[in-house]
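Same chain, two partners: chain A is paired with chain B first, then with chain C.
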Partner chain A sequence: MAGSRSLLDEALPTLGKALLIEDCVETSGGFLLHHLVKRFLLCDRPVILVAFANTFSHYDRILRKLGCNLAAPRDKNRFVFVDMLDPQLQVGNSGGTDGSADGDVGFSLYERICKAVRSISTEKNSVAILVDDLSLMEVACKGSVDDVIDFLHHCHTLIAESDCSFVFLNHHDIYSSMERPSLMLYLEYMADVLLRVEPLATGSAVDVHGQLTVLNRGVHDVAGTSRSKFQNFHYRVKENGIECFYPGSRG
Partner chain B sequence: MAAAAAPTLTRPRVSSFSRSTQLSGLSIPLPPGIRTGPNSTAFVSSGIPTLDAILGGGYCLGSLVMVMEDPDAPHHMLLLRSFMSQGIVHDQPLLYASPAEEPRRFLGTLPSPACSTADKSPRRDREEDKGLRIAWQYKKYFDETHQSISSRKDNEIEYSSDFDLRKPLQRQFISGRKIECISILKNSDLAAFHDRCGVFLNQHARKEGSILGACRISIQSFCAPQCEYFNQEWQVLSFLRSLRSMVKSSNSVAVLTFSPSLLPPSSLKRWQHLADILISVRAIPDDDKDMAKLLTGYQDMVGLLNIHKIARPNVQVPFILDATMFSMKLQKRKYLIMECLNQAPVDGSGGSSYAASGTGSCSSASKTGPLDF
Partner chain C sequence: MAESICRALRDGALEGEHAPALSIKDSIVSPFGSDVFHHFLVQLSSSILSGKSQSRGIVLVAYSRSPSFYVELLRGKGLDVHSSVNWIRILDCFSDPLGWKIRLTGPGSREDSDVAILYNDVKDSGRLLMSIVKLGKGLMQDTKGCFSVAFDSLSEMVRHASAQPVAHMISSLRSNGEISSAFWMLHTDVVEEKVASIFDYLSSMVALVEPLIPSSQGPRLTLDNLAGTDENMRKARFLARLKRRNGRVRLLQEELRLDCSGLTFASLGDNVPITGGGLVPKVQFNLQLSEKEQVDRANVVLPFEHQGNGKPIEIYDGRQSLTDRKLEVALIREEMTQTSELTTGEILYIRDSDDEMPDSDEDPDDDLDI
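For the complex of A and B:
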């Protein structure tokens, strides 16, 4: 278990500044997000989780099974949960149909993140910010891709200013039928590390849940030249971790 | 699942292996029609016992269930009717929305639960006897769905009823119950409907710490072209997102049917991502002789049901089914059941899978390849 777990960690030696997780309807990439939250917290880095998709108790229960308690770092102000699922907090709900108030979703979220970063950042460790997931943020912005891209652009400045790391989860199958999916193109351009989760072509199985592609950009080799590193695994999600293995290496 | 968060925060962590059954751990008795599951989840019945067994207990509280309709057949209505009837039988508040002018009329078409136990108890007894003889490992080869339901305790048998599709629900069930019917035909935007759902859930849904019972929302043909909001793609998506979060926070269940062919592809994918449970139904042609040769009990089948996605709260391990396609059958021309597709024995062939047998008669007549096992 320990050896197989390190296969994914080996593929992600440094977590980079901008990670993009892409998944689809058949296979959810949420497990990678949980794994990264755990890894950030174990490195003693402050974490901000922006949740459009699930409630706190959902993440809390999963992370506890992974051996990581969210309540303790939350009490110590090392973990901030931004609940975007709460109907009270949904900007641009039923009333605001003309789009006037909706443009603020991205910006108000950015302001909340900035505030949280200021409150929890330490001089020693940089803050990690995870967003689950961006397609729902697009819905919250009433389909205004520009607003989401503006938000991402602001986040990019935060990487430079405060040395933060970002992890975005998005669904690649939504954009597969589009001719020029500007949001996805921007995200893929921005990301240092790209993790793509796909189902097996032969369908789902109990012992292999899908395949994972890891693309590390800007890896410097011995000669000092920069290139991309591409790895492909099969994985199985367990309650207490992820088991990764090379295709065909399991009997 | 906000209620579930409170005890977990205050209590120190004991062990990651401890089974946390928050709902059963409380001293509050569960209202009828709710069953607890693993990982602090709770289920309500879909109204079809065999479908409950396939889904691992029923529809999880706090989930948005989407049913993709077949454009040529109203099979989704069977699922919707069973779901609504089951809610009414358990006296759970129900909100029904449809693009019809008078949606209340639909209540007259709901099926009635099989009235006397005399009709179904022999069937269950028989199955229970069989279950005693067969080792548990082999249950799955042996009509698993009925087994698991029938072996429940007595009080849980009422969790899901068999509905007689030929008998309409008696008036006594409908009158005096908390049932709201809404027409979404004339809604120019979804704000009014959204507010109505919010008020309904606020009135009836369970509050934190106390269980008042689960609410059921059923929405039929949500994106029908005759609805005025039909073209407002983002408003509809925003409504769905909002409905999903309302359902999650109030621990209710919403079942929504829609026609996938009416949506643009990217929008369809967004809808599917918003669903916690995604099911599609499909009619089968009456006189497909190749299919009739291939599958046993083809003449009893009314359609096919495909389960695309089951997302569970509080757990990251995906829920993997043995099969994703099931046949919808009418048992005794009364009860709707879901069954695994059973392949008919074919002379001289070890059998090829249903999906691989696209060539129809060719595969059933000829021998399969040497790699067949």
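For the complex of A and C:
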């Protein structure tokens, strides 16, 4: 188990990167998000989780099974949960510094994230910001893709300024009928690391839940001849973790 | 070819002519446009610092990367942006393009450095144009001279301020006598084809970065495209279209390689056809005739080519001509008289040419009224 976990961890970078998780309705990429929250907290990195998809208790229950308690870091101001489902905390009703309007969802959320970064960042460890998920943020922005992209761009500037890590999840299949899905293309251009979760090409299997593709841009191999690294695994999601293995390596 | 683009940017504009402009285009399946942009930025900067170029400075409009990235990039290539020679200004449209940070922290909270100047109103392309010209004039320090302008993401500019104002700004810059050259990078798949065409027409050079191995799944980043294109992660096809003042267009191509030392260009093999920068659809067979085929084709006698040899000129309509028919009937009668002495009786049939089957190039049903 430990060896298979390191297979995924080896494929992922450490600091100051933008990670895009692309999933589809047959294979949810939520398990990667949980894995990354746990990994950041174990590395003693402050985490901000912006949740459009689920409540705190949902993430807390899953992370407990993974061996990570969210309540403790939250009490220690090492974990900030931005609940976008809570009507009392809906962005746009929060009374921003300049009385932001309902249509200014991106700016209000960015303001909240900046405050959280200032409150939890330390000199030693930079902050990790995770967004679950962008398709629901697009809904919250009343379908305005430009608002979502503006928000992402400003969060991306935090990578350059504060060495933050930025993880965002989106569903690629909802744009499959579009010839030029501007949001997905923008995300793919922006991401340093692309994680794509897809069903097996050969159909479903009992002991393999799907395949995971990792495209790591800006990496040199041993010979220094490659700019991007491409890896493909099969995975199995268990109650207490993920098992990753190369295709054909399991009898 | 990449060198000729560098030379054109370095040599700048002739008096009374528009400044040369380079449009670098890429897509998500071969996203090396930024690397190509950095290559030309470094080459032009190097020429400026060595005094070989017409322009004496460069204004870099940064949308997709922070100014610190460019400072490090140039420093890594041995070019010091903080040198005593005042040669570069970076208009920072990356850090706070919409003024959100100023709204949070208040005006005056962020100070400009001596190289990077913060710009936070990207929707106003008119003001952006004035800022670029002002920065360029600042570089010249009120002396006569030209400067170059570089935009690292025209697709971001178009997203914020639509295509027409941006095109107007580019056109104004090219016709400005103080501009030596301009170049920009554009992701073709995030803008409409019409928008990409607008900027093609506004540029004197178009450089297109394409995957070396064409993707089977079209221009999207699919698993099949990713898995089958390890070669495409290190190499790409670099196609360039150079427009000359006399209207002639040169199409050139090279192989682009990325390794730890950076970007290098190499010539492609002779067997790789020039596709005209994506203008001509790629086909798997040869559309041109070989030399022998051309000679053979020239030797074919066409139906109308026997005319002019003294006989009356007739338009060939696929049927037997009247004179031919008379000649044929006379020959048959002559034969008949010769053979009538030997035979007792014979059925003679003269085929009516009107009942003949038409030639293969005629439509047999053209007289049908369906």
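Couple of notes before you dig in:
Criterion: the second predicted complex is superposed on the first by the 226 of 251 C-alpha atoms of A that agree within 3 Å, B and C clash if a C-alpha of one lies under 4 Å from a C-alpha of the other, contacts with A are read in each partner's own complex, and residues count from 1 in each chain.
The definition used in the following text is that a contact is a pair of C-beta atoms (placed from the backbone, for glycine too) under 8 Å apart; a residue touches a chain by one contact, two chains touch by 3 or more.
Since we're looking at a predicted model, the values are computed, not measured.
Clash-free side-by-side placement of chain B and chain C is the outcome of superposition onto chain A.
When the two complexes are overlaid, the chain among chain B and chain C that reaches more residues of chain A is B.
In the superposed pair of complexes, A:H153 makes contact with chain C only, with no contact to chain B. Angle at chain A (Cα centre) between the Cα centres of chain B and chain C in the superposed arrangement: 110°, in steps of 10. Of the two partner chains placed by superposition, only chain B is touched by A:G143; chain C is not. Once the two complexes are laid over each other on the shared chain, residue contacts for A:L200 go to neither chain B nor chain C.
Minimum Cα separation between chain B and chain C in the superposed model: 16 Å. In the superposition on chain A, chain A positions 97 are in contact with chain B in one complex as well as with chain C in the other. Chain C makes touch with chain A in their complex at residues 28, 31, 66, 68-69, 94-98, 100-101, 103-104, 159, 187, 189-190, 192, 221, 223, 226-227, 230, 233-234, 258-261. Touching chain C in their complex are the following residues of chain A: 97-98, 107, 110-111, 114, 146, 149-150, 153-154, 157, 160-161, 180, 182, 185-186, 188-189, 194, 196, 198, 201, 211, 213, 215, 220, 224-228, 230, 232. By the touch rule above, chain B contacts chain A in their complex via residues 1-2, 4-5, 8-9, 13, 16, 20, 39-40, 189-191, 194-195, 198, 233-235, 237-239, 241-242, 245-246, 248-249, 264-266, 269-270, 272-273, 278, 308-309, 311, 313-318, 320-321, 324.
Contacts from chain A toward chain B in the complex involve residues 25-28, 30-31, 34, 54-58, 60-62, 64-67, 69, 71, 85-87, 90, 92-95, 97, 135-136, 139-140, 142-143, 171, 173-178, 203-206, 209, 237-240.
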